[in-house]
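Pasting the structures here.
The following pair of complexes shares a single chain, chain A, combined with chain B in the former and chain C in the latter.
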Partner chain A sequence: MDEQKENDVIVEVHNLVKVFKDFWQRPKVRAVDGLDLEIRRGEIFGLLGPNGSGKSTTIKILLGLLHATSGNVLVFNRSPRDVEIKARIGYLPEESYLYNYLSPCETLNFYGRLFDLKNSVRKERIWQLLEMTGLTHAANRSVGEFSKGMARRVGLAQALINDPELVILDEPTSGLDPVGCRQVKDLMLTLAKRGKTIILSSHLLADVEDVCDRIAILYNGSIKALGSVNQLLEKQESVRFTMPSLSPDVMKKVLELIREKIGKEPEVDHPSMNLEQFFLEVVEKAHKATSQQSGVAPTERMADYLLIKDK
Partner chain B sequence: MGGGQRFMMLRIKQFLAMAGLTALEAIRQPICLLLSAGCVVLIAAVPLMIMHTFGEDGKQVRDSALAFHFVFGLFIAGHASGTLLSHEMKSGTASAVLSKPVSRELFFLSKFTGITVVVMLFSMCAAIATLLSERVAEKFYFTNTLTGYITDTQTGAMLFGAPFVACLVAALINYRFKRPFASTAFVMLLFSLLFVLVMSGFFERNGTWMPYDFHVQWRIVPVSILITMALVVLAAIAIALSTRLDTVPTLVISSTVFLLGLMSDYIFGRFAENSGFSAFLYMVVPNWQHFWAADALSGGGNVPWEYVINAGLYAAAYSTGILCLGMFSFRHVEMK
Partner chain C sequence: MNRILAIASLQIRAAIRSKLFVSLMVILVLVVFGFPMTVKGDGTLAGQIKVILYYTLGLTSIILGITTLWVSSGTIAQEIESRQIHLIAVKPVHYFEIWLGKWFGLLTINAALLCFAGLIILALVHWNVKAGGKNNQERRIVKEQLLAGRRLIHPRDTLQQEVFTRYHNMLSNGMMSPELSRDEAFSEIKKQLLAEKTVIGPSSVKKWILEIPSFCSGKGYEIEKFELKVRFSPVRKGDNPVFGEWRIGTERNFILFKMTTDNNLDGMHQITIPLTQSVMDTVMVQSGEAGNHSNRKMILEYRNGDGEKSRTVVFDRERGIELFIRESGFESNLVRSLLVILCRLALLAALGLTASVLFSFPVATFSAFSVILVSIVTHYFVVMMATDIGSCCEAHSQKSSDHSFWQVTSEKTAKKLDTIFEPVMRLKAVEPFSDGVLVPWEDVGEAVFTMAIIYPGLLGIGGLLLFRRRELALPYT
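Moving on, here comes the complex of A and B:
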């Protein structure tokens, strides 16, 4: 019974409240206010909301870093303060969280040693992760001198070293270039396909729209909208066609027919690429044209161990 | 491997990884190198600064050197334990580590252990410098070949040179292998002092070749060990406070505890028999007098090892108590 439940619901939050208090224990901020959530195995769940809406606070409570003021939280059907469940979680925090004087290689090695992994497995994963994040050529520089996006990549690699079942990403794309963003999104999709559960917090709508199965929109610590992306965005009352360009007189006929049927003028335009697609094309071309690399090398490689299907 | 054994192995592995990282972080801070090298230079300079005294050779040198060891050690222990943990909590690195399967207790203890290791390395530097500096100080000699005051200038020069050589070597290593300067220089300082100690064993005070005859007073070593214990106790106090307080309040409170502890006998001890409150404070505030045994060395005296062991037990009991409070506090603290 419990077994069954654990298999389906990974995170369960019921009526969660978090009030930050000041030194004298007087309430200061009500960061989370009566939150209810249920996140199921294999889904990509988006926590969407403006700055300060309580996304990071909720995530930190899920990880046992902050303590709920009231309400129930279960992760893998256990209390978030249970140390054991952390072995199944990967967490990318929102901002600076890396030891500045370590190199990416040392960082991954350090975090890897906190898990019950064989040395050979750890070394292999470190190598694959560095390759996946395009940091092999910077593997021995210290993280302190990295650009924000590069540090972010180290953070992402760090979160995946234990091949987690539940991946929690707090604004993963902040500071990343569009190639990096695309990669992170692809990574999330790949992980989800393998049955991993992903919680993604973001205020960037494009991120969420592209990958999330379900989203919750937070405002002032409570959920204002919850559901699947399609469900929330679908406009039942209008329809759009996309087709090859038509010759002028066919076009005229079609428009006439529509006008006659609905009694008003339909909108007509050419579908355009969105900027993201365009940017990715340009970078891809430029990358093919050069051989030397100073920043991050765009790669499409995924770390092999992340691709292995669970039995 | 059984489940329990495997669990223990993992805990030990985690503990070593985190303690090692803490020690590394502590010695990568330039202040640590600055204080250690400064302490060694000052100890080396003591023989130059004092008049020679009749009879009690080296007493002044010894006392000043040990005092430098204590004071600089307090700065290192206080600074490291007051800043490292609170910095990790503020910058979010603590959150990142605690989102891994690491218990808060283990994290806290590993921080303390890392700092203790650094304090011990520093103490080794200071103790070697003290031994050598005492050797350098003038001594009255009476053998069939020579009579009079002899200053061991050769050892003195080597002792003085050690910190500079350490920095030079570290700079070269930094240039050649890109290893961070501060930590390399700190480690090199210890190595160069050990080297000087061994070298001095090959020479008479007047510079003649005389292998394996260390003219150092090993009886200073127990006194240095006692000082190290006091430093570790202070580190425990500071790190326990830093689970809740910022660096500045932590340092203020630790210094207050330190000063109270220095005067413990005088302030509380006198009244301990009549007043329960005084007796309580007398027990709770660490009594540094237990750890200051330099006076016992005068007139050729020794500090018995039983005393060192007892003081060690006191220090261990005291720090264990403090660390338990610290762990309890850290378990419930909120991470950024």
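Moving on, here comes the complex of A and C:
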């Protein structure tokens, strides 16, 4: 039982502190200040917080790119600087740090080789990922000419090439169009269903709300709130119905009943389609009308290998 | 291995895509073709070819050396700065694999460019020999003496040993003045001995022993592969010509060669002493007949004419007596020279990479270049100190005793430092190659061992120890 639990804790952070120092070792910024976290297998965990609250710093410590000033960090029960565990992690950095002279295809091939993936596996995954991110038609252009969002997609594909158990996404939706955002969210849900663990950081609340199982809200390097989204957002004292429009007299009757019961005037409005839905529809229509693509092709496809259930 | 290769091929791709490769090729073509046309030799075909060989290969190695140092000291530092390293360091890649991958990449680029330069040099030389030259004789000389790999044999140098014996003799005879320290005594004796060895007055005799290496097969040797050259300069007294007699051969069998210079010419004289078949037979076959082929010796003796007719001569210490034996063709000598240069570039790449691990970009480049500068200056300082003791045979300086403290310490530090640089500096490629002197496989082996394995290994390990402690997400440390 104990072992089972051990196995299920993917990331364990205890009292983590990171102080950035200047050249003379004088402390400059206390970016992370006494952080405690425990992330379990199959969870989508959101790190939320305003700019500069220490999200990226925490993530970089989990990846071994920064060293903790004090505190304990375990990833897969090992030190984050252990090379062995890196094969099980996928990482999308806050910006796309890609090689401008490579094409998406070459980029993915390069990172695939760093994971020592077999040739055939690599080839197959590259094409599936390019298709998933809608970059098939741009597979041989160089990343340097890409727009920010397109480069971001290459970055995302790169993070998934090793079919990682733990995916760490630093502001995954920044720079992406709404189609891309939706896709990334779907992707996270799919991966989580397969038992993968996902950590994402964001300052966009919509991202987090839709997908995260649990979130931590960071401010100034320490956690101000931690728990599941429902838990944190639930307002016990109000209720909302959504239904087809009612005829005026039915409506009148319903309102009267409510007024009588609670002794207060209820709020009534017509829900409008939100902009996200509207945008998705327009793009979908336009895509169906054209065949030539210069930007990103919207697609619903998921890379097949990411869908295979673990045995 | 796959990971190292992936990083190496990325490095190569970067060089190609950034047009670095092409621009280097263009520069090499311009240099190799263009430069020799602006420099005139001494008017002969041989002079021209020599200039071509020296400048093309020399400039190629300098250009590639600077570029290699520049590029290598930039790579890792710039990837840290541009944060591309973030995506590599989170993959299951050891730091040494990053270092090695980059190094192999740079090595491959350099190898390709050296091949390219080699081919151009070959074509250029071929074309020049065909087009230039007034007659076949001139062309033959060029082919035999310059477009070849000739092993260079100097007389056995026993100076160090003789200094030692003389010192102990003088000590036991009580002839040593007690004020002299051991080091001072040594350098005094060395000066004396060098003077005795290189300066030959009228009516004096001097003997040299040249050991024929064992690879020259005894009976099947080809006489036209041998050439014996002597270099000397008359001392500036009187206006006699230098007049004297050479004996060449073994103790028993030798030929005499009478030598007279043009009247009262000053400066360096260079003479080729003819080797006859019968003398070479005795040297090559009979002297080795005892079954000991490694023991073949050619004995060379100079008897200066008497004072009425001749004057004192000084033989160049380094290049006074030279026996050339043609051992390989031009092409294979070129290949070996290029290999030695490649090894040197490998060392430069290692130095640059280690610098780029430790410092951010411009600082890394600056420090790598500083190391090179210091090593060159130190080495030449040490070489100059050594020849300084050797050359002043008459000007008996009293300065040696009042060396200041700083002078002594700086000389000592330089010598200590040079023990690090010397194994690298010693291996030459451009100079022998352009003189038609053999760059032997032994040198290539040594170059691979020291410059492509040991030194880069040490640099790499040192760099990696510090690299591992570095936080890669911090652009500066």
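Here is the rule we use: the second predicted complex is superposed on the first by the 305 of 311 C-alpha atoms of A that agree within 3 Å, B and C clash if a C-alpha of one lies under 4 Å from a C-alpha of the other, contacts with A are read in each partner's own complex, and residues count from 1 in each chain.
The criterion applied here is as follows: a residue touches a chain if its C-beta (ideal position, glycine included) is under 8 Å from a C-beta of that chain, and two chains touch if they have at least 3 such contacts.
Being a predicted model, the structure only gives us computed values, none of them experimental.
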Please tell me, clash or fit, for chain B and chain C sharing chain A in the overlay. clash
Answer with first, second, both or neither: which of chain B and chain C does A:F76 touch in the superposed model? neither
Is A:L66 touching anything from chain B or chain C once the two structures are fitted on A? First, second, both or neither. both
Touching partner for A:F45 - first (chain B), second (chain C), both, neither: neither
Contacts of A:A87 with chain B and chain C, given as first, second, both or neither: both
Using the touch definition from the top, say if A:F146 reaches chain B (first), chain C (second), both or neither. neither
Between 55-63, 181-189 or 307-315, work out which stretch of chain C sticks into chain B after superposition. 55-63
In chain A, both chain B and chain C touch residues 60, 63-67, 83-84, 86-87, 89, 91, 93, 95, 97-99, 101-102, 110-111, 113-116, 158
For the complex, which residues does chain A have touching chain C? 20, 23, 60, 63-67, 83-84, 86-87, 89, 91, 93, 95, 97-99, 101-102, 106, 110-111, 113-116, 142, 158
Spell out the part of chain C that touches chain A in their complex, as residue ranges. 2-3, 5-7, 10, 13-14, 17-18, 82-84, 86-94, 471-474, 476
What does chain A use to touch chain B in their complex? 60, 63-67, 83-87, 89, 91, 93, 95-99, 101-102, 110-111, 113-116, 158, 162
Which part of chain B faces chain A closely enough to touch in the complex? 6, 10, 13-14, 17-18, 21, 24-25, 28, 91-93, 95-103, 180, 332, 334-335
